[in-house]
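These notes open a run of structures that come right after.
Two complexes, one shared chain (subunit A), two partners (subunit B, subunit C).
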Partner chain A sequence: MKNRQALKVKIKKQLVWYSFLVVSIVTLIVLTYIPMLTTIKYSFFDVQVLGFGEDRFVGFQNYQKIMNNSSFLKSIGNTFLLAFMGLVSIPVGFILASLINNIGRGKWQSFFRVGYYFPNIITGVSVVLIFQIVLKANGGLLNNALSLLTGREVAIGWLSDSHYSRFGATILGVWGSMGYSMLINLASLQSIPAEIYEAAEVDGANGFKQWWYITIPQMASCFAFLFITSIINGLARFSDLFIIGGNASAGRPGGTLQTILMYIYQFSFESPQYGIASAGAMILFVLTFVITLVNLKMTGFFKKKDV
Partner chain B sequence: MRAKKIRRCIIIVVLLLILAIVLVPLLWCIVLSFDRKAVSALPEFSLIPHEFSIFNYQVAFTTIPLVRYYLNTIFVTVVHTVLAVFFALMCGYAFAKGRFIGKNFWFVFMLAVMMIPFESRMVPLYLQYKSWGLLDTYAPLLMGACAYVYGIFFSRQNIEAIPDSLRESAYIDGASEWRIFFQIIIPLSKPLIATLSILQVLSNWNSYLWPLVVLRSSEKQLISVGVSVFNAQQDAIYYGPRMAVAVISAIPLSIMFLFLQKYIVQSVAVSGIKQ
Partner chain C sequence: MKNYKKVLAMILGMAMTVSLFAGCGNSGKKSGESSPQAENAPAQEESASSGTESKEEAPEVETEEAEGTGGFSGTLKLYGPGLFTDVGPDGNTDIVTGVSKPGYNVVVDRWKELYPDVELQIETIPWDNWKAACQTAALSGDVDIIIHGSSIVPICEPLSDYLEKDPQVKDSVGMMAMRKNSDIAPLSEYIPYGLTVTVNPVMVVVDKEIFEHYGLELPDSETWTLDDVMELAKAATGTDPVTGKQTYGMGMIEAASANKNYIWASRAFNNTIYEWGDSLATTNVNFVNDTTKEVLNYLTELSRYASPDYMEGLDKANAYTEDNNLAIMITESAYSAYNTIKAAGLEDKYMFAALPKIQGGEFDGITSSHMGDWNMAICNTSSQKDLAWEFLKFMVMDEVVQQWLLDTYSIPANKEASAKLGEYMPDDYAAAISYVVNTSPLEFSASANNCYDSSNFGTFANDLTTVLNEMFQGNMDADAAMAYVKKNLDDYMSTLN
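Right after this comes the complex of A and B.
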């Protein structure tokens, strides 16, 4: 009798804890796990878009089709190229952070921290609108500045000429993300214990040596973190390039700005072929998954949980 | 000492110059938005409008339902943030202090989601909502908020740091877990709530792809998509009105940033390091 009551109390306790979790668990099953499994399934099927007829199992045909498709391969190339070009924001952020850190804590430091972070706050769409004009071929700010510096008339269509579009897209991207990079770099710089520098000073290490032998190694994990996050964000880049292309996923100009995600969008919503889109989505998933796994391993995420 | 001071001054000047270059596009955008001359041709760069007027804003407000977009976006952002933070705290509390069967399993179950990018399950998700007849409503934008995985992870870390003694004394007084959650955990988690809310507002205001996919009717659209559609229609010309729209859509977050700059900068820095 007593045992049963104790059991009841125990079960009740379990249920109370589960009542905290149940909504999130159900949400994740219905909105994440099931759709993800469906993506895996669709990638092996010829999916009938309009609901006529049965979906047909086609094995790896979708993958074969997509891997032989030159515009998909190009979109993978574009995605990685743009992601790697976007890494410029890391050294830029580091240099800014070093300078800001150098002036010491105080009013100026908070002013610069906030000032340089500000572009990050501007809405994604606004940034594109602004840079479509800043990077314009005729009368754009950048070309004006370049003309002034070189003494020659410069009229590069940074966002409309397919030779330069990736540079234009990178300028726009780095402008938006360097504030974030600066912030993370600065926080990391400030967490280096001052004693290390003091000890180095006693040993007679000068500024450059301190920077090279203390600062850079201490910042390694911060750089790695920024590298991974910026690659992962780069893999899923979509909105700004989609808007630059005039709200279309073809990656204008000349397909140079079509990322994997834009390719998936094209075959999901513009000319629906869900099988192809799902195969593309699976490739995007695998790429992101591998990079995230590397990231978690590096940051010691798995170790922490064992404790 | 003197050399150090001079060096500091030089660095400040250099930083000011770079900052000016970085912010010039924004300044020019604001100037153009007030310039009557910037309609069909792009005027020369200047620090003040060539011909001051609010014409561009009038054009912007009459060509697209900006106020409508605004209200829609505010509604979605607020509801999404409240749902996401509330459920994240609930799960965070259970994972931090609870003792129940399957705790580790469910924790990994939730964190694994971080490795599934939203984009790779977008199509089936879209078809699911389609079959439920929920396309062109705000349900697809809001339902996902009930499982804010990063927030759960972050809440667990923070709630773990709250001493158990508080909970135990409440226990002795006969309080249930839910009461402890509402009366002890939530009041003690204000900084945590602030950080998560800020991160939520920032990401929601800028969300683009998903609203573009699920919302069809233009009067339901959010500001980011609404503005980009307007932009695509006005390809090439209409510089002033386009800049006016850019300013309008950037204003809410900018104002929020000016008031909460310290907290926002901190939230972003903290979330980055602990991630």
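Right after this comes the complex of A and C.
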């Protein structure tokens, strides 16, 4: 009798907790898992515009077609290339964090911390519009600076010439994300115990050795975290490159800035072939999943913790 | 009382869940299904007359069934980008030109006069990602009219039957939103998918001052040729002999939409590349040919006389002002260009011209200036298609609406209304626009014609922009460009089998 009452109370209590959870679970199922499963289904069907016309089962044909499509393969290459080039924001953030950390805690540190983080909160559209002026071929800020440094006229179309556009897009991306990288690096730098440096100093280690043998190893987990987040963000890059391309998904100039997401967008909405787009989305999902697994493995996520 | 908070939390949780499901629900009908209203349509249409005529019959007070309006009642939902978005419900004033435009409430009020039992719900969206937004809206099954939706053929209702029933509509407009769809007719035939409300002819803006400084003869829409365009662009590129400033001969349609330069140039060269079959799968695309090469090389040559800021889309920063440095500019927004010119008091400095005439073929002798449009299409998931058609007719035929279009500085597709353009701008501008509007064939579509089709061939438009940009930068020659486009065309065509 006592047990039944205890069980009743337990169920009553749990019902309350589950009522809170149910909204999130339903939202997750309706807005994430069902569309995901639908996408898997559509990747095996010949679908043009979603919800219109007859859907015909075609097996793996969409996958076959997309994997033989040079534009799709190019978009995979572009995505990874841009994602890896974007990793520059990690060392840049680290250098900035080191410099700001050396200033010492105080108002100047706060000033620079906020100042360098500022680009991170500016909307992507504004950043692109500004950088279209900074990186333009004819009299752009960067070209003017390079002209001044080299002593001859530089007119590189950083965002308009396919030979340089990936560099231009990386400059833009790194400028936008270095503040975040700096902030994470700074937090990690400041969490290294001062005692380790003091002990090293007593042992006669100079500044470089302290940096090489203490700072860098202590920052390893921070770098790994930034590496994972940067790569995953890089794989999902879309908005800024879409705007650079003149609000089109062709990856202008020359298709060099077309990422997998832009390719998927192109076949979802601009030239609707939803089956092809779904197959592309599934391939992107698999790629992201594999990279995440590798990253988790590298960072020791699967290691059994000692009890 | 003890469990009050817990019970409240549970109720709120359940309510949110239920509302979430309600929001995701779809009461819309599948394409092809018709409503009881639609089933009764013939009887209603017999009594329905054009919007203008029915005005006289509209009663002053609301009755249960509005006589003279075809007995229509309910709510008509419109969704999409364009003029309604630009002006908003109450109108606006352009901060650059100072031009004031009346809002779409003028249209809504007029509609209420004619159809007191039909409420209009207009949801406007910006041009960004408009196709994706329109598709999503159509999928919801809660939209009757897709504003500017005719190019998204799978979500639109063909208008052939409606136009047959109301032939006066076809006679009253200078352009229709035509597309091709093998499910309905052989691809050699055009199918009307929307009614064009306003037209945007591609016009050439000429800076007469720059021409005068270089001692060049002003172009004549009737007589100038593609070679003349090139010669004039070349001659006007350099240091202005009078002002000493650098000028450039050519301001093409922006590089980000370089495919649109291909549209007019391929028409001018009469580069027909399609051998239409009954379906896309049986259609041949002969993109790789000598004329295509000629077109691509012509545009590349023309880009040599453009400003170095052209590739970044910054070449027209001073266009239509006193500081303009482009002798010839090709624009898709002629009226907007004119307003800027007028606002600056520079009407004497500039003039409009049409692009040179097409060399041979079906449209031999007419201008290669094509027309863009702002159209309206009936969403094929709508359960009130007949009512939607009434609204479409109203938009292209009602006098009050036509006046509103003119007042918003738009060029109505309605021929009678567009003839009034001369009252709004000097002859140097209006005559050239009228020339294009009046000579453009009714059944010509800039998006789906024999030289260029962006509706049916996958990434063709994007690919053209890609290769033209590469050619303009000197990174690609015409052969490589044609091979690139052909590869993607072949890939696309292979997906159709």
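What we mean here is this: the second predicted complex is superposed on the first by the 276 of 307 C-alpha atoms of A that agree within 3 Å, B and C clash if a C-alpha of one lies under 4 Å from a C-alpha of the other, contacts with A are read in each partner's own complex, and residues count from 1 in each chain.
One rule holds in what follows: a contact is a pair of C-beta atoms (placed from the backbone, for glycine too) under 8 Å apart; a residue touches a chain by one contact, two chains touch by 3 or more.
Remember, predicted model here, so these are calculated numbers, not experimental data.
**Q** Compare subunit B and subunit C by how many residues of subunit A each one touches, and report the one with more.
**A** Greater contact footprint in residues on subunit A: B.
**Q** Touch test for A:57: subunit B only (first), subunit C only (second), both, or neither?
**A** Neither partner.
**Q** Name the contact category of A:252: first (subunit B only), second (subunit C only), both, or neither.
**A** The second partner, subunit C, only.
**Q** Taking the superposition on A as described, I'd like to know which of subunit B and subunit C A:268 touches: first, second, both or neither.
**A** After superposing on A, A:268 lies in contact with both subunit B and subunit C.
**Q** After lining up the shared chain so the two structures overlap, which partner does A:65 touch, if you call subunit B first and subunit C second: first, second, both or neither?
**A** second
**Q** Just checking: does A:157 make contact with subunit B only, subunit C only, both, or neither of them? Give me first, second, both or neither.
**A** The second partner, subunit C, only.
**Q** Is A:119 in contact with subunit B, with subunit C, with both, or with neither (first, second, both, neither)?
**A** First partner only.
**Q** Figure out whether A:211 sits in contact with subunit B (first) or subunit C (second), or with both, or with neither.
**A** A:211 contacts neither subunit B nor subunit C.
**Q** Does the superposition put A:276 against subunit B (first), subunit C (second), both, or neither?
**A** Touch status of A:276: second partner only.
**Q** Which holds for A:16: it touches subunit B only (first), subunit C only (second), both, or neither?
**A** Both subunit B and subunit C are touched by A:16.
**Q** Once the complexes are superposed, what residues of subunit A are shared between the subunit B interface and the subunit C interface?
**A** Shared contact residues on subunit A (touching subunit B in one complex, subunit C in the other): 16, 19-20, 23, 27, 30, 132-133, 136, 138, 246-248, 265, 268-269.
**Q** List the residues on subunit A that touch subunit B in their complex, please.
**A** Per the touch definition, subunit A meets subunit B at residues 13-14, 16-21, 23-25, 27-28, 30-32, 34-36, 38-39, 42, 96, 99-100, 102-104, 108, 110, 112-126, 128-134, 136, 138-141, 144, 175, 178, 180, 183-184, 186-188, 225, 229, 232, 235-236, 238-239, 242-243, 246-248, 261, 264-265, 268-269, 274, 277-278, 281-282, 284-285, 288-289, 292-293, 299, 305.
**Q** Could you please specify the touching residues of subunit C with respect to subunit A in the complex?
**A** 6, 9-10, 13-14, 16-17, 20-21, 24, 31, 128-129, 131-132, 135, 138-139, 152, 154-155, 254-257, 307-309, 311-314, 380, 458-459, 462-463, 465-466, 469-470, 473, 475-476, 487-488, 491-492, 494-495
**Q** Hey, which residues of subunit A end up touching subunit C in the complex?
**A** Within the complex, subunit A touches subunit C at residues 15-16, 19-20, 22-23, 26-27, 30, 48-53, 65, 68-71, 132-133, 136-138, 155, 157, 159-163, 245-255, 265-266, 268-273, 276.
**Q** Provide the residue numbers of subunit B that touch subunit A in the complex, in ascending order.
**A** Touching subunit A: residues 8, 11-12, 14-15, 18-19, 22-26, 28-29, 32, 42, 44-45, 87, 90-91, 93-94, 98-101, 104, 106-107, 109-110, 113-128, 143-144, 146-147, 149, 152, 176-178, 181, 202, 205-206, 208-209, 213, 223-224, 227-229, 231-232, 235, 239, 242-243, 245-247, 249-250, 253-254, 257, 261-262, 264-265, 268-270, 272-273, 275 of subunit B.
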